[in-house]
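Once you scroll down, you'll see the structures, which are given as structure tokens.
Paired with subunit B in one complex and with subunit C in the other, subunit A is shared by the two complexes that follow.
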Partner chain A sequence: MATLDLKSIGKSFGDAQVLHDIELSINDKEFIVFVGPSGCGKSTLLRIIAGLEEATTGSLLIDGDDVSDAHPIDRGISMVFQSYALYPHLSVFENIAFPLRVAKLSKSVLEDKVQRAAEILQLTDKLNLKPGQLSGGQRQRVAIGRSIVREPKIFLFDEPLSNLDAALRGDMRVELSQLHRDLRATMIYVTHDQVEAMTMADRIVVLNQGRVEQFGTPMELYHHPATKFVAAFIGQPNMNFLPATVTDVGDAGLCVQVDAGPALVLPVESAGVSAGDRVEVGIRPEDITQGAGGLNINVSVVERLGGISITYGTTDGGTRLCAALGGTADIREDQKAELKLEPKDCHVFDSAGKVLRRRQAPVLVE
Partner chain B sequence: MMDRYTKLQLVGIYASIVVFLIFILLPFFEMFMASLRPLEHLFRSPYQFWSDDFSFQAYRDMWKTVPLLGRYILNSVFISAMVTGLTMILVIPAAYAYARLDFPFKNASLALFLGVNMFTGAVLLIPLYRVLSSLGLLNSYWAMIVPGVAFLIPTGIWLLRSYLEKIPLELEEAAFMDGASRLYTLRRVVLPLAVPGLIVVGVAVFIGSYAQQFLFAITFNQTREYQPLPAGLFEFIGYQSVTWNEMMAAALTGVLPVMIIFLYLQKYLVAGLTAGAVKE
Partner chain C sequence: MVHQQQVKPRRTAPLHLSQGVFASLLIAPAMIFIAVIVAWPLIETFRLSFTDARLGGETYVGLENYQDLADSRKFRQTISRTFYWMFLSVSLKLILGLIGATLLNAAVPGRGLFRVLIMPPWVIPIAIGMIGWLWLYNGAFGLLSGALQYIDVVDKSFEFLAYKRSAFYSAVVADVWVGTPMVSLFFLAAMQGVSRDLYEAAWVDGASRWYRFRRITIPQIMPVIVSMALLSAIWTFNSFEVIWILTEGGPRSASTTLIVDTYKTAIANFKFGEGAARAVIIVILLAIFSLIYLFFLNKVNKHYGVK
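Showing the complex of A and B:
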């Protein structure tokens, strides 16, 4: 059992406040990903949970006990660092055994545990090597081995895959998900890569400028982004935002006139907006189709990936737009194309960037 | 390639190196030449670079002229070794604290250490004499070791601190996460990685102590048996004559062990530096 509760955690370095009032409740055995652009405070938050950094305000509860002033060991937390932080002068065996040596375990227990960790991570034939003789992925595994060997309740990962090349990153992503299932432990993972967040997380915390922008499952974030920031951050390629004006608020939804584009009736909760308000219509590239929809764009670049053709262009209103069309879509660079938006796929954000919740979003698969 | 030179530049570079080396090595060379000549030929005029009566006789006679010479050489090495050992014991925790911890007056005290270094021992000889006298340390090995340590600590701290700062902080954070105390981390993580730096500091302190012991020896110590080599060399200055050739021979012999250690460590240094290039 390991639940983690953050109660109004705040952190300032001098005058600069980097975290504001963070409230999070993390369940046992959850895989949580903190994601956000650089400088959003995600690493600082992780270091506060680890005990490497002290929160300026608020408290930290593990299994209901206040551990704000406790040592990482007493919190039952271990951490994998971005640079792996392996001890270069020690062998792989000694690196993994390090926490156990500190804990003064007996030789037989220690060897047993290291052996078991090495088996889980397929490092048994590498135990006598030094970290310098290992590849990036193997070093990564040693760092994970060092963190699992003392069986903590909560694992922290600080951008552990950012030093690996793309192919290896994909493999390690799968391995980490597998590890999470095998260890059945609570894991908190920091990344700036939304693909890692989407693929690995049970729930994602999107951080922006020291505040929690949204906390939810990947599909919730994808289908029901709470703010424009989350909508823009989650999903690849990024969501398009088309400026529009509200023309009417009716039972069927919100009537909007997209600038230099079609008039649409969008099925969203429309409390708080009235005719004449400026809003932004968000539409994901993969939800745009080619056809008579009244949205004309001047195509500038077409990236044909085989299965899809990612099309970049600008609308007549001057807004940049990206659409993921079919692999064989009849579309050419430097020509005009007409695109179609389905009202049910559209997100609407008010002038403050808050979403008007969609009524007809797809049923979430959990 | 950035370091490609023209012929002319290369000639210039080597010429400069030769001039520099001659400047440094000529005294040693002349010492060696003087040690080979018989005493009566030393002041021969005109100067003769080479003569047929060169011999190693002075290297045999010097042990008879100054019977305690061996003891003096050992004293020199012993005092320097003690100074180096004690200095390292004091400098390592201090340098680590300056590199990693935050405490009041950190920068001020560091600057103060540098300030102390600006005084030569000579300026402080009289106050030091009084201190050592009231501590009852005069005329003992400690009279030469204690001031030696005191004067070498600042250099040691400055040298080692900058080396320790280069060790990635994440390694220490990782050890902290795993429950290691500061001292455990220092012993098991930081110091093994700092070995090349420790050797640099150790060598610098050893050489520094070797160089400065003369001053402390002639001022604070009257006991013949405790004298280091530089002070012991005075015994070659007799009432009637100075046996220059034997003095030069003794000086060279005394420097020899240090030179051998230094040459050996220099090789180790290069190996240590490349092996220590750890992070990625």
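Showing the complex of A and C:
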């Protein structure tokens, strides 16, 4: 069992407040990803959970016990650092054994645990090597090995894959997900890469300027982003935002006139908006199709990836737009094209960037 | 008939030098410099050591100077005293240097100030520093003697440099005072090069301060410790000013090390030949140190994973 509760955690460095009133409740065995742009406070939040930084305000509860002032050992956490933080003068075996030596475990127990960790991470034949003799991926595994031998309640990962090349990152993502399933432990993972967040997380915490923008499952974040920030951050290529004016509020939804584009009736909860308000219509590139939809763009670049053609252009209203059209779409650079939006795929954000919740969205079968 | 001017390539006459000669020409200035400043004096010293050169002239005496040294009980004492001096002084410099660096590396307010404050012993001219120590060690007016009387350790004034044993150890203390700051600064620089992540990782794993020092700091700075041990050994072996200003090697040779002995023989007593033989022995001993150092550095670098 390892639940983690953050109660109004705040952190300031001098005058600079980097975390504001963070409230999170993390369940046992969950894989949680903190994601956000650099400087959003995600690493600081992780370091507070680790005990490497002290929160200025608020408290931290593990399994219901207040551990705000406890040592990392007493919190039952272990951490994998972005730099791996391997001891260059120690062999792989000694690196993995380090926490056990600190805990003064007997020789046989220690060897047993290190061997078991090495087997899980396929490092058995590397135990006598020094970290300097290993590849990036192997060093990463040693760092993970060092964190699992202690059998902590909560694993913390600080951007563990950011030093690896793209192919290896993909492999390690799968391995980490596998590890999470095998160890059945609570894991908290920090990254700035939304693909890592989407693929690995049970739930994602999107942080922006020291505040939680949204906390939910990857599919919730994708289909029901709470703010424009989350909508823009999650999904690749990024969501488009078209300025529009509300013309009417009816039972069927919100009637909007997209600037230099079509008039649409969007099925969203429209409480709080009235005719004449300015809003933004969010549409994901993959939800845009070619056809008579009243949205004309001047195509500037077409990236043909085979399966899809990522098309960049500008609307007549001057808004930049990206559409993921079919692989063989009849579209040319420096020509005009007409695009179509399905109302049910559209997200609407008010002038403050808050979403008007969609009534219809695909539901993932659990 | 139109005179056709022949077009000549306009460039300076080419030097028809082979690559080897050209390369030699390029390094010639450096070679000449080394030959004049290093090689010639070395060879001349070597030559002199086989003569009985004095102010009056010189004659070839073969190995006589070396034979005399080998037979001299006094010289053997000087050598063992030199090694004792070196061992004691270097050990103290390393230990105090390590402690100093650790304290200077600690996150305490005003550590920038402390880092500057340890510099003077090393920065001020040794002669000036030693005059300060002469006063400290002075029996009649010295601070140390006065302080010892005040706390009743001695009952009358104590002249530190007047007795064989106390003179030797007083010189060691002064030498350590001069040599420690630099050792400290090198250790400090090495400590600052150790990644913070290593300490944080160890701390998260529950390692105590001492454990982190022993298993991270020391191994990580070991190559620098080895380097400083050797460099410091050479400097201490050759440390001349400290001893000369404090005691001139006395009383009754109690603080005469090999370098002081060489100076006394060759310069003070004008026995250039005998002095040169001593100098050659110093060169041989230092060469051995250097070989040991290179051997160790290689091993240490391999062992501590410094690629």
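Note that the second predicted complex is superposed on the first by the 364 of 366 C-alpha atoms of A that agree within 3 Å, B and C clash if a C-alpha of one lies under 4 Å from a C-alpha of the other, contacts with A are read in each partner's own complex, and residues count from 1 in each chain.
Throughout what follows, contacts are C-beta pairs under 8 Å (C-beta built on N, C-alpha and C of every residue); 3 or more make two chains touch, one makes a residue touch a chain.
All values reported here derive from a predicted model rather than from experimental measurement.
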item	value
Joint occupancy of subunit A by subunit B and subunit C, clash or fit	clash
Touching partner for A:Pro343 - first (subunit B), second (subunit C), both, neither	neither
First, second, both or neither for A:Pro225, with subunit B first and subunit C second	neither
Touching partner for A:Ala103 - first (subunit B), second (subunit C), both, neither	both
Which of subunit B and subunit C A:Pro285 touches, first, second, both or neither	neither
Subunit B versus subunit C as contact partner of A:His89, first or second or both or neither	both
Contact residues common to both interfaces of subunit A (with subunit B and with subunit C)	50-52, 71-73, 77-79, 81-83, 85, 87-89, 98-99, 102-103, 132, 146, 150
Footprint of subunit C on subunit A - complex, ascending	50-52, 71-73, 77-79, 81-83, 85, 87-90, 98-99, 102-103, 130-132, 146, 150
Residue ranges of subunit C in contact with subunit A within the complex	195, 197-198, 200-207, 211, 215-216, 219-220, 222, 303-307
Subunit B-touching residues of subunit A, taken from the complex the two chains share	50-52, 71-73, 77-79, 81-83, 85, 87-89, 98-99, 101-103, 132, 146, 150, 163
Contacting residues of subunit B [partner subunit A, same complex]	168, 170-171, 173-180, 184, 188-189, 192-193, 278-280
